[in-house]
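Below you'll find the structures, each written out as structure tokens.
Shared between the two complexes below is chain A, which has chain B as its partner in the first and chain C in the second.
Up next, the complex of A and B:
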């Protein structure tokens, strides 16, 4: 399908899906950028900021696809929406830990590794499906993103497996982080209220199929590092795909858009 | 060849050859294989460009530089630059000249026919040794990795290999 051949119902579903894809990458990439200068060591600082930059680029690609569909300018979509219009999963907006990057950041590296690894696994599964999407511009974008995301997945998998097989303290912290992420990771694995239309339009695989792929992969990895699979991840604080969010998203978007909002008509 | 040289397309291509990667001053966008198609019709030029990495901040600068370079060609009234994703930019699009110029800049070119997931062999751009270690897959820009040569004891960079994911 192209822009011209989309039926109204398909277009609506496509727009919903694109907001999910864009906002997931946008918000998690922002959380990643807050680690700049604070990562455990200098090499990680280089790697993590590069990954965050790639992810911001991926969000930008999706926002541009939304712009092509008449949703307004990509920059405005990213910067001027109120939090209730965001479609990212709640676990991705959560702060990195107490403090801010400017003042007493007491960020949780185990939480960051777990969240990013689980997300990277899902993102890979999602892209693998999107590259066959019925909407050709989305399929093309997915193929591009995939070549870059390959390195992200590899990166987080190394961190995850090493910390899970490291000292008692590392294993303890990682286990706590897994329990925390598990409570809300179900929100990443859902396609939201327009799920049926999204799947019917062949934009992406059925969410049940992708969920199963994710669960199988994570279960195998947990087994490999000697940890227990805690059953299906939950969605305790609500579904971000419905526009349900926490105050953490407000903090994220107001910081992200602080400069842009001072003069939206200027070219930044 | 001399006959072809006179065509407008060739003059435009020459102009494109002068557009450098803002972050690697020695290589042009033609060297990097970023130019996909060029159409010249009656003083109007359309260039489609393959972005290297999607979050690359140099893309806007490259777009501006392409316009500037072609607009200077006599007889050209308009220039349109589009970024496209099909075909995908992969590191095997880098030309042999581009590979040499990357080396001059201290950046090792990627393996010519990389298969995603397989280990890559990288030679030191200074001494040619293969006795190198990967320090960080991620480097100072999205497209570069950081390595260390155990033979001549120099740190160096390499273009991160990007291959099509089997489509």
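Up next, the complex of A and C:
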């Protein structure tokens, strides 16, 4: 399908899906950028900031697809929506830890590794499916993103396995982080309220199929590092795909749009 | 008898003469070559300060990374701070090789930074309260860095010269990114122009200080002279500052901005820029860790170093998989 051949219902489903894809990357990239200069070592600062930059680029690609579909300018979409219009999963908006990126950041590296690794596994599965999306511009974007995402997945997998098999303190911190992420990670694995239309239009594989792939992969990795698989991840604080969010997203969007919102009509 | 053995039989004085002959002939010194202790110490001081400045230098711009006012600017500033961190890493690796024979490691560099023994560049102690500051930093601070680093591209120490080659290539993109921000603001609304002028006013003295004092008498420091003798650098601080003026003052004026120094002018007779010198006692205060943001930014690094101690321990432990 192309923009011209989309039926109205398919277009609506596609727009919903694109918001999910864009907002997931946009918000998690923001959380990543807050880590700059605070990572465990300088090499990681270089790698992590590169990953965050890539992810911002991915969000930008999706926002541009939305612009092409008549949703308004990509910059306006990214910077001027109110939090209830965001479609990212709740666990991705969660702060990195106490403090802010400018003041007394007591950020949690274990939480960051677990969240990013689990997300990278899902993103990989999602992109793999999107490569065959019925909407050709999306399939093309997915193929492009996949070349970079391959390294992100590898990066976070190395961290995850290494910390899960190291000192007692590391294992204990990682286990706590897994429990924390597990409570809401179900939100990443859902396609939201328009799920049936999204699947019917062959935009992406069925949510149940992708969820199974994710669970199988994570179960195997947990077994490999000698940890227990805690059963299906939950969605305790609600579904971000429905526009349900926490105050952490408000903080994120007001920071991201602080300068742009002062004058959206001027050139910056 | 091999050349190596015969070299080892030379007296310290003869080794020194041989060393100076080599650098005067334009040869590069490599990490395993014989070098006078003083040369090694000068390099460690210069390169670890340079490396740690790149790393601390990412912090003022980091403040503006999420707030950059468009997706395009967000991507550009993210790429830039990542480059700066990469430069820091590259330079610390060069410094680590030089420190190894002294039994010192990166841990010592970080400890020296936290204790204030290892200083970082004056500009990175300053406030960056608006997006205009992010533009001025990328345009003029990076522009100044290109001028001072280009002079060392032919440094007598091979690994430093090679690292600088890569760094300078990337800095050119940074300055272009800065210039693009500045142009957008200069052509924008009256508020944007005002924001830009305010940022220039804030940064001007720090930019004068960037190149260091004219001569040793301002700060009682003769490192610059020593580094010229060792061919680590080739120009004086004042040469570099004049080059900076020649390149940037016309550009600043052409944007309709005002330089906050009403005495500044080009003197045809001496072919030099006449300007109001910086307050060098203030400079000393700033680089000693008493600038407006010195302790805040050091605290960010101290805090993260402490918070992530468990990660470094975990990485050092045996690997099961």
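Here is the rule we go by: the second predicted complex is superposed on the first by the 268 of 268 C-alpha atoms of A that agree within 3 Å, B and C clash if a C-alpha of one lies under 4 Å from a C-alpha of the other, contacts with A are read in each partner's own complex, and residues count from 1 in each chain.
One rule holds in what follows: a residue touches a chain if its C-beta (ideal position, glycine included) is under 8 Å from a C-beta of that chain, and two chains touch if they have at least 3 such contacts.
Because the structure is a prediction, the values reported are computed rather than measured.
Shared-chain residue A:105: touches chain C; no touch with chain B.
In the superposition on chain A, A:266 makes contact with chain C only, while chain B stays out of contact range.
With both structures placed on the common chain, the touch criterion links A:155 to chain B but leaves chain C unconnected.
Legend: residue contacts after superposition of the two complexes on their common chain; A:131 is shown touching chain B, with no touch to chain C. When the shared chain is aligned, chain B comes close enough to touch A:58, but chain C does not.
Of the two partner chains placed around the shared chain by superposition, chain B is the only one that A:141 touches, whereas chain C remains out of contact. Look at A:2: by the touch rule set out above, it reaches neither chain B nor chain C.
Contacts of A:46 after superposition: both chain B and chain C are touched. Of the two partner chains placed around the shared chain by superposition, neither chain B nor chain C is touched by A:82.
Shared contact residues of chain A, touching chain B in one structure and chain C in the other: 43, 46, 50, 53, 56-57, 60. Chain A contributes residues 30, 33-34, 36-43, 45-46, 49-50, 52-53, 56-57, 59-60, 63, 74-75, 78-79, 101-107, 109, 161-163, 165-167, 169-170, 173, 224-225, 255-256, 258-260, 262-263, 266-268 to its touches with chain C in the complex.
Within the complex, the chain A residues that touch chain B are 43, 46-47, 50-51, 53-58, 60-61, 131, 140-141, 143-148, 150-151, 154-155. By the touch criterion given at the top, residues 55, 58-59, 62-63, 65-75, 78-79, 81-82, 85-86, 88-89, 92, 131, 181, 184-185, 187-189, 191-192, 296, 299-301, 303-304, 307-308, 310-315, 317-321 of chain C touch chain A in their complex. By the touch criterion given at the top, residues 51, 53-57, 84-86, 88, 90, 116-117, 135-142, 146, 160, 162-165, 167 of chain B touch chain A in their complex.
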